[in-house]
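After this come two complexes, each holding chain A, first together with chain B and then together with chain C.
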Partner chain A sequence: MKPIILHGHERSITQIKYNREGDLLFSSAKDNKPNVWFSLNGERLGTFNGHQGAVWCIDVDWTTTKFISGAGDNTCKLWDCETGKETGNIKTMSSVRTCMFSYSANMAVYSTDKAMKQPCEIFIIDVRTIDSSFSQQQPILRIPISGPRVSSILWDNLDEMIITGHESGEINQWDLKTGKKINSTKEHDNLINDMQFNKDGTMFITASKDHTAKLFDTETLALLKTFKTERPINSAAISPIADHVALGGGQEAMDVTTTSTRAGKFDSRFFHLVFEEEFARVKGHFGPINSVAFHPDGKSYSSGGEDGYVRVHTFDSSYFEYNFDY
Partner chain B sequence: MAKKKSDKSDENSKNQDSDASSNSEEPNFSDPEGYEEDISDSELLKDILKQKPKETDGYESVIVVDGVPQVGPNRIEKLKSVINKVFGKFGKIVNEYYPLKADESTKGYIFLEYSNPNHAAEAVELANKFKIDKQHTFLVNLFTDFAKYEQIPDKWEPPQTRPYEGQADLHYYLLEPDAYDQYAVVTAQGQSVQIWQNTLPDPSLIEERSNWTQTFIKWSPLGTYLSTFHKLGIALWAGPEFLQYKKFAHANVQYIDFSPCEKYLVTYSPQGESNNPDKKIVIWDIRTGQEKRSFNIDSTSPWPIFRWSHDDKYFGRIGNDVLSIYETPSFGLLDKKSIKMAGIRDFNWSPTDNIVAYWVAEDKDVPASVTLLELPNRNEIRKKNLFNVADCKIHWQTSGDYLCVKVDRYSKSRKEKNEMKYSGMYCNFEIFHMREKQVPVDSVEIKEPIQAFAWEPVGTKFAMIHGETLSINVSFYEVKVGLAPILLKKFEKRACSHLFWSPNGQFIVLAGMGSNGGSLEFVDTQEFLVMNTTDHFQMSDVEWDPTGRYVFTGVSFWKSKVDTGYWMWSFQGKILKRINLERFAQVLWRPRPATLLSEKQQKEIKKNLKKYYAQFESKDRMRQSKASKELIEKRAALMEKFREYREENIKQWQEKKARRLALRNNIDTDELGADTENVEEEVVEFFVKEEIIPID
Partner chain C sequence: MPAAEEVKSSWADEVELEGGSLPPSTEVVENGQKIVTEYKYTEDNKKVKIIRTYKIEKRVVSKSIALRKTWKKFGESSNDKPGPNPATTIVGEDVYMQFISSKEEDNKPEDEGLDKLKALGDKNVVKCRVCSGDHWTSKCPWKDSGIMAGKPLDDKKLPVPGVPGAEPGKPGGSKYVPPSLRDGATKRTDGPNMPRRDDNYSAIRIANISDSTTETDLEELVKPFGPIHKLFLAKDKQTGLCKGFAYIHFKFKTDAAKAISRLHGHGYDHLILSVDWSKPSNNQ
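What follows is the complex of A and B.
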């Protein structure tokens, strides 16, 4: 089916996320204003106005009442989903690169960049009550990172630990009671751009600049599968209903102008989760894809690109009819 | 002394006794009496003994000069100064000795010692047989040589016959029952080389070595040897295990060339070897590994500088207004002299006969000409004069039946700073019918610039790319006995720059190469059917397999840094494999020698192709079904493993359900529709307009 093209951002998309039910799609871009859309028809519901820098990361809680965003203006903001009003503002010492609500949404995590002589640091905050004193509130836990910076983050579904993906390709598990590292693995050779859970949160997929996406066990960090391409991967998502993964990426933005578009390979690519075999590609973007997400019902997916567009694709019947022989 | 020693040892032994009883502090390291070491000095002091001076040390620097004039004491000073003048230039003379007879006149031989053995060796090499005057010739020898030759035993012992080492079958790859061809893949930076066999349905790796070569590789023309380039020279590898066959030591080799029958190897090192800079080109016998002849040529002519006749009997090169033909195995000039040809510019051997075609440039009133010369009898078969010639290119047809000379001609020329500038260029093709009486010549004139030209390797067609950028055309001509070439077909406006004929003719690939190229067109020239038009972006190489069944296109790391790799196509242009390989550099099919079947046998096979077709088809199907069966089995195994893992995981996940519910106010969010209480259903209606537009 013809995709719905969401044209509401003026600069490249940094992250897109569905809410739990999938009726809303949130998007952030380098243009300071995160958007929220009806995923069904692509109508814009509203914007979150307030940031003064590129918005790097967003998340929405499970009840779709709270929205969090981290930006290059050294702030992490909390918003009321219904009204689009800014409810909380945390000033940081450097850009906020990752953020996420915990499973219960009682807490949230964000991490800051290693920049301006500031170390990379992970902050766990209490977001149960957001009032005027919120910005003065001390974080529950601070984890300074001395090594390579955190480039992506995930929170387990029991509010017990967080998983961080790093610039070096390393993946670490942190226990939130002690703030200690409990497990670590290094299967990627380069920056991990994105990590996303499968539906039940027992596995997650990483997207790395080293041209591969990998599937890990959440508990043990055991490497389960590897999906190889010939371009950096910026985002990867697992279908909630089929054994499929979607990868988005392409030639790096800074190299794009040096070659023609056909060499850029800006397609969304679909792999079989178990066989690691590619079976489909979806064209459309004319720059690298920065973020992909499956609709929670698995019947459509969206991609946001360096070209500033979000494309909402509904799968054709042929997608559901296609089967691997085994 | 001895007594004292024994006393002491007595004492020691006493001490030892007391040691044993009292366990006092110092243990005893002295040897007991009469102890003899069973380790020799040479074992203990190996490194120190190495430096021990030998009696013969220094002798290497001594030379013996014979044939020195015998002079009386009054002239000895003069002799010494002459000797010093001659021998002083090889190095510092530290010692000299002039033996004298009873009457104080010299004996006619002298001893000289240099500071360094290298100087002595140099003096022997260069001053031996030096004529000092009419009567006297110096005979210079190393002093050590005298000793060496003195020690030669009187009785000659025949050398031991070495056991025969059979070598592996060098042509095993031709005995492959399914006629699978081999190819080599080189990756840059690490220079790993892989040898693959093009088995169906997937190629199989038969050999892989890292750092097999330091730059690139080359197959010999019949495919017997694989040559690798190293700092110290060339190595050849052959046989089923790719064992080292021969090494050819020639430092800094950059180019090599095999003779057509693989008898000889020519290596070219532009800088020469460090201790022998004049040794730039060396010709080797491949089977014995011996150096046959070396040349010091600073040639600007394109490689290969030496060009071989088809049977390895002769090779030639262009010199200053001469054509030098050498013969094998003597490696001397044919008839001991080069052939004088004023203004010779280029030449080429016929691929089937000992005939060379060469052309000479215009010189004032003498027109340019193309000449066919038979060798070794130097019989001029045909000469054609040409006017207004700027440049010529000589293209022999593979079967030697025709010769095409592409002549770039001008309508105006002027001289500018000693360089000729031409304008109003056009082009002529001169076709020589080699197999007809007196070799008739036909001309084809093309008004446009020519980009590429290629003969069909088997058959009578040739193809050319002509025209200016943006209107590039491809034309096909056919030559027939007694007829001028006929234009068969012209493809207009094509994006190609290179022509690649199948080694068996009929099929051709039109390729666009270069940084923004990559277009590919597979054409059947029987009916001029374009079988497929496709592309491989930034492609830098096109390689037909020796049987004309497959084509490789490659993007080499040497030309492009992104998307390097090689793709395999069928001869009809169907993509078979895409192999993207980081730092891929080279893919080369292993060549095959010419078929041993007679033309009649080949025709027979072609006639019965239908019969074989069914056999091959069923064989292919079997392989395919076997492969897909394997794939399905592999997938089933993967699926089973994954399913087991998931079951375990889901079990654990369900055990934690209560904890998850506690975190989310007892609302079940595990499934999308699990929480029915809090869901409002909303019906959204879309206005959908359907329009049917027929597309012509």
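What follows is the complex of A and C.
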């Protein structure tokens, strides 16, 4: 397969996300302009100019009209997807680490870092109408986190609770009506970099610095599967059409210069969802992969790396013909 | 820049400048392909023509996707033409999905295993049919090249320095020792049996290289023999051209010996290489 290389960022990619139909691919990096691309031919639709710091997280709503981004400049911004104009701007007390729209996109959640004497906090906001008063609007709910900070976040499909992954490896469920913690589990020993749902949202996969990716049940937080590797995992995604899991990682960016590229293992790795066994690899990046995402039709996937490139891979027929031996 | 242009006096240069305006870029759409032709100057002022061919595909998509296709570009891309901008969208080299059959294979540390095998020296486990080297025939670097034709490698005849019996101090059999080889002889001797410093053991000298050779060319030439410790290509300080010889330090002596036996007399870039063990310099 010939990957399309998207070179729109000057610094390392932090997150990539497809919209619901998969025709657009959003990417954010430690430079301050999130990009949006046509996933089919790699054409850049535009850039969202306005942030002043590293953009840590992005999300797009299901109608592809609203786009949210959180950055290290202590703001969380809302954008119009069609024009790339900034529509809403929320000032926070520390950098915004995670953000996500609820499934209905009536609400959004963002979390801030524990920094500058500010505690880590989760905010739920109403994003139905975004106008001039938006930035003054009070959040619907604030959940202060006293323990380890939130490093990844997910909404459940009914917009009733959120799932947070923490720096310590802990995973918590929060009820939005009461703002209380309803369930908690600690299966990881280290920071959870990324969490992604499967297609119907019944399970989610976590990617952790402790060299494992784990599959959990959304409802009960029961651990279902563990995918072991020998390097930190930065991102994990579940194929929407096959029982496959894509993992992206590599050793930490700060250690890259002291090891050879071969030892770094910067390839995307494909595991079988059920048998927890690796069956394929794809090379390409010069640094660790920070984010992977499957196209919603399952026929292509993208990865964004510390090298600042996003690579869009369309699977060959060999991938679809491959049968796992068991 | 205008000042620089005035200085130019050669009429040939002026003619060049007159014809210097670039032809406009054209875009032709025909039978499902868009061909974009562009002209531009490279860094060293050479005119180049760039032809890009795009395949135009029609796809049936849902209304919402079709609508999004008509969106105007914004932000940094607002000035881009329709279609991918080659500055931001690059088609990468072919990559393949490597399917892994068994998990054990994958965890094997490749490099250390190879090094260990190399260190074993003559006790070859694997023997190549082409060059008798210690690798599989299919992995032989000489498989397709003509270097090995009619010149099979004989390990025993390799001029490996420092092997017992070849010590210059105690020549086996003959009682006569040439003065130049006796203990305490002057250091101006040179011969293949010269004792040399340890770090010189696996160094070879390649002579009669053409002056257009670069380090990369050289590396490609010697890389197939084994891991290289150091590579030195003598270059003219002024012109930067190769002076005609180079030194290669291999990690393993056997690799160096192999390289000598195979590269000596090998035609490279219209010249015939002369390869031997590196001799220590006279002022040693």
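Here is the rule we go by: the second predicted complex is superposed on the first by the 325 of 326 C-alpha atoms of A that agree within 3 Å, B and C clash if a C-alpha of one lies under 4 Å from a C-alpha of the other, contacts with A are read in each partner's own complex, and residues count from 1 in each chain.
Methods note: a residue touches a chain if its C-beta (ideal position, glycine included) is under 8 Å from a C-beta of that chain, and two chains touch if they have at least 3 such contacts.
Predicted model, so just to flag it, every value in this text is computed and none were measured.
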Contacts of A:P296 with chain B and chain C, given as first, second, both or neither: first
Touched partner set for A:E21, first chain B, second chain C, both or neither: both
Touching partner for A:R281 - first (chain B), second (chain C), both, neither: second
Greater residue coverage of chain A in the superposed arrangement, chain B or chain C: C
First, second, both or neither for A:P3, with chain B first and chain C second: second
Contacts of A:R149 with chain B and chain C, given as first, second, both or neither: neither
Touched partner set for A:N157, first chain B, second chain C, both or neither: first
Chain B versus chain C as contact partner of A:W62, first or second or both or neither: first
Partner chain(s) touched by A:N41 [first = chain B, second = chain C, both, neither]: both
Residues on chain A lying within both footprints (that of chain B and that of chain C): 21, 40-41, 230, 262
Chain C residues touching chain A - in the complex, by the definition given at the top: 59, 61-62, 64-65, 68-69, 71-78, 80, 83-85, 87-100, 103, 106-107, 111
Interface residues, chain A side, partner chain B - complex: 20-22, 40-41, 62, 103-104, 106, 157-159, 200-203, 217, 219, 224, 230, 251, 255, 259-260, 262-263, 273-275, 296-297, 324-326
Chain B to chain A touching residues, read off their complex: 516, 537-538, 562-563, 580, 632, 635-636, 638-639, 642, 645, 649-650, 652-653, 656, 659-660, 663-664, 669-670, 672, 684, 686
Partner chain C, residues of chain A touching it in the complex: 1-8, 21, 23-24, 33, 37-38, 40-49, 63-64, 82-85, 230, 262, 270, 277-284, 311, 313, 315-316, 318-319, 322
